[in-house]
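Both complexes below contain chain A, partnered by chain B and then by chain C.
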Partner chain A sequence: MSNALQVQMSSNGRRSLGGEALVYHCNFYNYWLQKTILLVDGLDMGGVIHDAAVASAYACLKGLDAGHYSSAVKLFAKLGFGLMDLSQIDADGGTVTTSVSHYGQCLSAAAGAEFARPQSRFDAGFAAGASAWGHGRMSCGFEGTVQACMSLGASEGKISLRGRKPNSEFFRSYRLDQNNDGPVPPKTWGGLDQAAVDEAVARLQLVGNEEGLIPRFGVMLTQHFAHFYNRLSFEFLRRMGDSGMRIAGEHLLLDAGYRCAFHTFGGVFLSPEWESLMSPVVASKSDAAHAMASIASTLGWGRWRLMEVNERRAVMRVYDDYESLGYRSMYGQATRPVSFLAAGGLGGLMNLLYLGDILSGPELDSAYFEKVFEHPEAFTVHQTQSIAMGHGFSEIVAER
Partner chain B sequence: MTTLNQLFPGNLGRLKLLRVMLRLGMPELSKYNANQPLEPMLERRVRQALHEVEAG
Partner chain C sequence: MIFARHSDSRCQRGLTFVYRYGFELDAGQLLGALGPDLICAEQLWGERKVIIGILSRRFEVQIGVRDGELRFMHRMSATLDQRESDRAGFEAALSMASPQPPPESS
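This part shows the complex of A and B:
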């Protein structure tokens, strides 16, 4: 079974399992993305979270052809979502419990406040998709409802599942071809080859521990479904339509990426792994920026290449950008760039290095975050090219 | 009487204002004069939405 759940990584940096594209993201991104898309009433984004999780889990398990119901539980743990018990589910539904849950327990570190609503909609969707797959139903065959969530103080998560009618319009995940038909990313840094960085990160074994969690670099990681993230972000924007709030929504999606970069990149910069792998080849802040771009390139986000980087400006190209590829697969050619995670990520990286002096080893706390974020010369970013719009790569410029 | 600039200072405040705008479904908030005192009714709504977006 463990071999069946072995994540594949292609030479162009795509991660996949059962044909589903995977990307690493932390509890900060998971919190801020979810918080953002749930701000607007009337869009049923809670339903989108649930159904995107259903479609992703179902497609992954079907693609794995693992054959046994228990593989769903192992998948949940391996990807860092926690520990789930599906044993009480039969063909009519039943109750699922989670004794450990990334969404139920790990988002509070990012929120910094008490929750008013359950955070574990993803768990409910995963349980529904896994159960539909396990009982031979269509992907939409079950609907999960969160009955108890650890984010609200429950001792364990409880999700009730019941059958629902087939729906031909139900979300479908897309499958990313492992072949790369885009331009080859150029070599822009002489420090370490991308292949060496890929291997070094692979050796870290960033998979769920005995609790089904991935605590690394001061954050809680998940190895998550790219379809899930893309569906949440782009369905959110689509459903806002001509409300006049799309640009604000885009800013907030970018902010989720910024916070992700700030905490995850910040944690990596301060880690012993950075010290042993990168410190010997990093002689300047621009070196550090290139080095972090090569690490980001192993996370399933696409290959990040800094074409220019200095204390005032950076130009980054993203080859195989998972956001753009996901958008194009689901919604066709875009009229605006959609690489919000990458754009926020570049802003976070530049602010950490050039304003926060991260290489000097500061404490990564809220006071430091605020100091960097409120800096009068903080970097701003804009997207200049986009694979989603038909360009060969996505390009982001950060300036101050 | 309070202004938007007083309620939402700095870069972090600007982001909170975007969240409040979405929460209230009021894109026109972005066009308000940020230094002009808010009408009492609007100020109450904005404060309530701010309370909601500051919760987890």
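This part shows the complex of A and C:
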């Protein structure tokens, strides 16, 4: 079974398990994205979080053809979500417990305040999807309800599962072909080959430890389902659009991307891992930008290539952009670009390097965030091409 | 104090501590002093070899993350009392792993 849980990485940087595309994201992005999509009442985004988790977990386990129920528990831990006990679930449902939970315990560091609502909707969805798979039901066969959550002070997470009726319109995950049918990313930096960066990052073994968490780069990572993020983001946009608030929704998702860049890229820049892997080949800020793009390219986000980078402007192309590919698979061809994580990521990267002098080792605190990201000359970004709109790559320009 | 400790105030608040020491650390001796249940491994971070010790559900030590620097990371599962006790035990072991000054002659 352990081999069956081996994440595949294709030559074009796609990560997958059981046919499900995987991407790394940290507790800060997980917190901000969840907070963002729950901001507007009346969109039922809590239900979307649950059902997107159901569909992702079910599809992954089905794709693995894992056979045994225990593989769901191993999957939960391996991907960095924590420790889940599904042993009390039978064909009619039951109670699931989590003794360790990324969503239950690790989002508080990002929030900086007490939570008023449980944060572990993903866990409930995962448990429901895994149990549906384990008991031969359709993916929507169980519904999970959070009964106790560590984000609200409980000593362990408790989720009750009960059966629900089949629904032919229930979310379905999509599968990304491992073959690359798009243009080949160009080599834009002489520092390190992408293959060498892929290998170096693979050696860091960014998988769940014995308590099912991935504490690296000063953050808690998850190796998460791309479908889950895309469903949350684009269902949020669709529902915002129905209320005439599509543009506001885009700005909110972009902001979540900035937060991701600040914490994930900031954490990587300040880490000893960065020093060990990249310091020998980084001689300038533009080198550092290229190096971080090559690391981002190992996280399942697509291949990031900086076609131009200087203190005033950057042009980045994303090949195999997971956001665009996900959008197109779920909602068809887009009329507007949808690469909000990548756009916020590029803007954040440029702000960190050229406004925040991140290589000098500042404290990554809220004062630094305000100083850099709310600076009157902070970089702004716009998307000029998009795989979701039918282009061969997605392109983002950052300027100030 | 033969080492300097500071809490990593970033995202994993209260979980990670960085120790800097100015002596040739015998990693094997340090890990040995942390008990027989410690699981040990090595990782290559580029050209750098990092030695890792893990006491399940309690803590992880990463030795050699930079020259003269190691990281001590509590596990989320460890209680606050357990964390305090583990950190004290670790610091005692780190002190023991430093080269002892020669006894003063009378």
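Here is the rule we go by: the second predicted complex is superposed on the first by the 399 of 400 C-alpha atoms of A that agree within 3 Å, B and C clash if a C-alpha of one lies under 4 Å from a C-alpha of the other, contacts with A are read in each partner's own complex, and residues count from 1 in each chain.
Simple rule for what comes next: a contact is a pair of C-beta atoms (placed from the backbone, for glycine too) under 8 Å apart; a residue touches a chain by one contact, two chains touch by 3 or more.
Only a predicted model underlies this, so the values are computations on that prediction, with no experimental measurement involved.
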A:E395 touches, of chain B and chain C: first, second, both or neither? neither
First (chain B), second (chain C), both or neither touched by A:G244: first
Residue contacts on chain A - larger count, chain B or chain C: C
Partner chain(s) touched by A:D255 [first = chain B, second = chain C, both, neither]: first
First, second, both or neither for A:P215, with chain B first and chain C second: second
Contacts of A:E235 with chain B and chain C, given as first, second, both or neither: neither
Contacts of A:E114 with chain B and chain C, given as first, second, both or neither: first
Complex contact set, residues of chain C against chain A: 8-13, 15-16, 43-48, 54, 56-57, 60, 65-66, 69, 71, 73, 75-77
For the chain A and chain B complex, residues of the former touching the latter: 36, 39-41, 107-108, 111-116, 119, 151, 243-245, 248-249, 251-252, 255, 370, 373-374, 378
Interface residues, chain A side, partner chain C - complex: 26-28, 99-100, 105-106, 109-110, 200, 203-205, 209-211, 213, 215, 218-220, 263, 267, 270, 272-273, 275-278, 280, 363-365
In the complex, chain B residues that touch chain A: 10-12, 15, 18-19, 21-23, 25, 27-28, 30, 52-56
